[in-house]
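What follows are several structures.
Consider the two complexes below, in which chain A is the common component and chain B and chain C are the respective partners.
Moving on, here comes the complex of A and B:
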C-alpha cells in the first residue's frame, strides 16, 4: 500500500523527504512516457478508476443496508461447517465457516465493521492531525518544534507494534481500536497540513487578510483551511486503506474486533488452519480485502492527481 | 557536517526519550493498574498491591520514568512477571529470526524492485511498463496477512515445496533454513516490492530526461551502460529513505508472518506475551524495536551526505 502510514513521513526523516515521497509515489501512477503515447494509457487508467469507484459504492451500500438484506445471522450456523462455495443455497453461496456460519453474511457484516472502523479512525485522525499541523505550520517557532517532536516520537513506533502495545493494555473493542488507529493517522496529517500551511501562509491573500485586521483564528479557519481541504482530503482513501489493513492485521492476530462480530482479518485467521482442505475460508475474505484495498488505493491515486497541489507545482 | 550530525543525533535522543516516556505512560493507561491486567480477574487487591510494588508501579510517573531510564541505559528492560525471564534475554533469544526475516525481505524486494523499475523506466509508456505498473498496484494491495495464508495454500499445500509452518535454524543448514524462510519473506515482500518499484520508476524516468543522460547517449554509450552507471545512482536516493521508512511496516509484517508460520521471532514474543498478559515484556520489546527503528532512520538520513556528494556541499555551506 502506498497507503502505509509510516511512509509519507519518516521517523525523523525530513519533511522535505516526506513531501518528495508523497509526490513520487503518486506520480508512479502518472504516465511519464518518453514518447507522447499518453491517450491510450489514460484510457487504461480510467477503466481501473471506474472499477474502483463502482466497487467502493457497491461495498459501502451493501454494508449500509446489511441488516435490511435477507442474510442469515452472522453468529448462527446455517448449515454444516466448511461447505465449499457456489452450492446453490443463497446463505451458503460463499460457503460456510468452521462453525457452519454463512460466509456471505459474515463478509457483508464484516465490511460494515471494517469500513466503519477505517472511516471513523481516518477522519478522527485527520481532524486532529490537520489541526496540529496548521498550528505548527502557521505559528512556527517553539510550538512547531514541540509538535514536530511529538509526531516524530509517535512515528518512531512501528504502526502494528504500537497497536499491539495498546491492545495489550486495553481490552480490544471497536472503541479502543478506533482510538489506536486514529493515533496512527495523526502524524501523517500533521506533516501534510504543516507543509501545506507553510506554503499557503506566504501567499498574498493571507497578507491582505492580516493587513485588514483579520484575527489568527479567522485566517486559519476561513483563509487557510479551505485551501488545505482538497489536498488533504485526497489522502483519505489511501489512509483508509491503510486503516483497513491495520484493523485486518490486528484481527488476524486475534487482537482486533472481538468475536462473534465478524471482521475480514478475523475470518482469514479462522480459516488459515484449514486452508489445506477448505481454501475458500481464506480465499473469500482475502479477495474482498484485496479488492477493497485496491479500490481505495486507486481512488486515492486518482483524487491526489486531481487535488494535490504539490503534485502539479 | 559535524554540526548536522550532532543536530540529527540530538533530535534522535529526544525522540528516544519521548518514546520511553510513552511506554511508561502506556502502563498507566491500564484500567485499574498494570498489575491487575497481569494478574487477571481473579486477583485479590493484596496481590495486585504487591505486584505493583514489585514492578515499582506504586511510585509516581516521573520516578517510574527515571528508574526505567536508568535501567534501560544498562540494557535492563525489566523482568517478565510471568516467565521470570529478563526481557533483554528474551529479546536476544528471538532477535536473530526477526533480523533474518527483515534483511532477507528487504534484500529480496529491493532486488526485484530495482530490476522491475529499470525495465519499466526504459520502456516507459509501453505495454510492458503498464503491465509491470499494474502488477505493482496489485502487489501494493496485498497485505502480509492476506498474502501469507494464500501463499501457504499454493506454495506449501498445492506444490508442497515449502513447509507449512515452522522454522529451521541456520545451524541446521542453510538450505533448510532458507526453505522455511521463503514463504514468510515472500509474504512481507509483495507490498515492499510495489512501493519501491513505484518510487524508483518515477525517479528513473525523471533522471533519464536530464541533460547529462542525453550527453552520455550522444557520446555513443549504450542504453544499458547509461542506465546502470549514470541514471541508477542519482535516482536511488529517495529509495534509500523509503527503505528506512518502510522498515516500520516490514517489522509489522514480520509480526504477522511469525504468528502465521510459528517462527520464534520478536513478533511471536509480543503476541504470546499479550496473550499471557505479560505487559512488561510487551513494553520492553516495543521500546526496543522503536529505538532500533529511530537509530536506523537516523543512519539513513546521515548516509545521504555520504552517498550523494551534492547534499554534502549543501550541508557544509
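Moving on, here comes the complex of A and C:
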C-alpha cells in the first residue's frame, strides 16, 4: 500500500498565487484617494491548477448527485460482460465489467466510496494527529515523550501489515476501513503539528498572551492553532490523495469494501485477471484514480503557495 | 561585578520590589546562573533603567518579575502582594496590571490577527463584551498614533516596525496597567523611529500614571528615559543610582567601561575610552568573588575571594565594588563630597586606561 505519507508535497508546477492583499485597503471609497495605492500584482496561474479544481468539483458533484442521475444500477448487468468502452450506449460508454455491469455507473458510485473514505479518513486522522501534536509540542516533557513514542511506533509499523491486521480482526466495512486509514494519518499530522507548535510557542506573542492572563486552552486554540492551519490545511489534499490510493490498494487485496458496493480500487481488483484481453476494466478506474490523485496534489501545492506566508512576501 | 545585598532598596513605598532574585536553568552542561541574587525596587511613577550587555540577565529579570520565567529563589512584591506566592488564578489577574513590551514588535503580535483585535486582546481574555472592546480599540489606537481607519484591519506583517511597536504598546495600555516592563523596546527599530517610540512611552507614562522598568543595552536610550539606572553584569548588580549621577561619574569600573564604549560623534576620535578586553565569562561557571574581575582593570586578589556587597558610595549612588571609582565617603559626610565628583572620576580614569 502506497500510503507514503512521509513524502512532503512534491514541488509541482502550480506556482500560481493570487495576490489580493493590495486591494483590501481600498474599501474606503473617496477618502482613500490620499492613501498609497499599490497596483495588484497578477501572477500567472497554471492551467494545471484550473484543471485540478475543475476535475475535483466535477467528481464531487457527480458523486453527490449519483442517485439522481439516469444511471443504471451498479449491481445489475446491463449488457454482455466485458464490452469495450465507447460502444455508443450511454450505460456502456465506459464498457462493462466481468458481470456485464455498467462501468460508468460503478465509477460514479465508486467515487462516493473512494472520496468519502479518503476525505473522512484524512480529516479524522488530521484532527486527532493535530490535537496530539499540539499537546506534545506545547507541554513537552513527559507527555511529549509518550506521544512521540506512540507516533514513532505507528510510523515504524508497516502500514499494509497494520491494515491487514485490522481487517482480519474487524469485519471489513467502510467504517473499519476509515478507522484503519485514519490511524495511518495520525502520526504524520502529530509530527507536523508538534514541530510547528514548538516553533510558534517560543514566539513573543505567546508570552504576551500569557502575560495578559490567557489560559492554556486559549493559547492553544486561539493563538497557536490559527497559525498551524495554513500548513496543515495545505497538506490535507495530499494526504487525501494518498488515502484514495491506499483504499484502492486495500480493495485490490480484497480487504476493502465488500461487494457489490463499488470502489475504484475494488474495480481494478475485479478486472485484474482479464487485464491482457480487456484492459479497459483496469484502465478506466485507474485513470480516474490517477486524475483525482493528481488533481488533489496540484490543489495541495497551490494551497500551500497561497497560504504559506514563509514562501512569499 | 558580583554585587549582592539590599542596601540600595528604598523601603515600603516601592510599587515593585525584587529581593535576592535568583534564576537558574538546569542544562546538560550544568546550571546556567542567569540571575544571581539581584535586588532592586521601583517607586510609583519612577522609570528604572536596567542596562548591561547581552547575556547579563536583564531580560530574564524582567520576565521573572512577571513570572513568565520560573524563578529559583527570591522575593518579588508588587503593590504589597507577594508575586512568587500568588496562586495561578490570582496571578492571571495580577499580570494585567503588569504589562510587558517586547524587543521584536512583529514577533510579539499574533500574525493572524488584525490590528484592531490585537490591541484589545487582553480585554478579550478578561471577558469584556464585544461592543466595549471595539470602543476601547479605537481609543487606544488613537492614543498610540494609529487612529486612522486604515490601520484597523491590517495584519502585523503589513506594519512597519515602529507601527507594530505602537500596536504592542496599545495592547499593553488597553489593560490599564500600573507597571510597564519594556524589554529592549526600541533596539529592533531604526534610530529615527526609536525617538518617536521613546517619546510615546514618555507621554503615555505621564497620562496613564505608569511606573516603568526600561530594559536596554543602549546607554543613550536608557539615559534619555530613566530616573534611576541599574547596571547588571553576568547576573549580578554592579551599580544603582540616579541616572544623571551614574552617567556623569560612574563608580563601578564596568559602568565606566560601558560608557567608554560609546562611539563619539567625531569618527576620528573613536571611542570615549579604552575597550574592555576579553569576553563575557560563561554563566555556567561564573568567576569566584566578583564576577567582573576577569575583565576588570582594577582587579586585585581580594576580588577573587570576596564577592563585593552593595554599598552607598555617594548619596543616591550604590555600587558593588571593592575599589569604586568614586571614593566612598562615610555616610555621615554625604553632602560635602557630592559636590566634587568630577575630579574623583578624572583621577581614576588613567588607572583604567593603563591597566
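Convention: the second predicted complex is superposed on the first by the 264 of 313 C-alpha atoms of A that agree within 3 Å, B and C clash if a C-alpha of one lies under 4 Å from a C-alpha of the other, contacts with A are read in each partner's own complex, and residues count from 1 in each chain.
Convention: contacts are C-beta pairs under 8 Å (C-beta built on N, C-alpha and C of every residue); 3 or more make two chains touch, one makes a residue touch a chain.
Predicted model, so just to flag it, every value in this text is computed and none were measured.
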Could you say whether A:209 touches chain B, chain C, both of them, or neither, answering first, second, both or neither?
-> second
For A:221, select first, second, both or neither according to whether it touches chain B, chain C, the two together, or no partner.
-> neither
Chain A residues touched - chain C or chain B, whichever exceeds = B
Using the touch definition from the top, say if A:57 reaches chain B (first), chain C (second), both or neither.
-> neither
Have a look at where A:146 lands relative to chain B and chain C in the superposition and call it first, second, both or neither.
-> neither
Can A:76 be said to touch chain B (first), chain C (second), both, or neither?
-> neither
Chain A positions touched by chain B in one structure and by chain C in the second = 21, 24-25, 28, 31-32, 35
Chain A residues within the chain C interface of the complex = 21, 24-25, 28, 31-32, 35, 203-205, 207-215, 218, 223, 226-227, 309, 313
Show which residues of chain C lie in contact with chain A when the two form their complex.
-> 63, 66, 68, 92-93, 95-96, 98-100, 102-104, 107-113, 121-122, 125-126, 149-150, 153-154, 157-158, 168, 171, 175
Partner chain B, residues of chain A touching it in the complex = 1-4, 6-7, 9-14, 17, 20-21, 24-25, 27-35, 37-38, 41, 44, 48, 149-150, 152-153, 155-162, 164-171, 241, 245, 248-249, 252-255, 265, 268-269, 271-272, 275-276, 279, 282-283, 286, 289-290, 293-294, 297-298
Residue numbers on chain B that touch chain A, as the complex places them = 8, 11-12, 14-16, 18-19, 22-23, 26-27, 29-31, 34, 37, 124-126, 129-130, 133, 136-138, 140-146, 148-150, 152-153, 157, 164, 191, 194-195, 197-199, 201-203, 205-206, 208-209, 238, 241-242, 244-249, 251-252, 255-256, 259-260, 270-271, 273-275, 277, 279, 282-283, 285-286, 289-291, 293-294, 297-298, 300-301
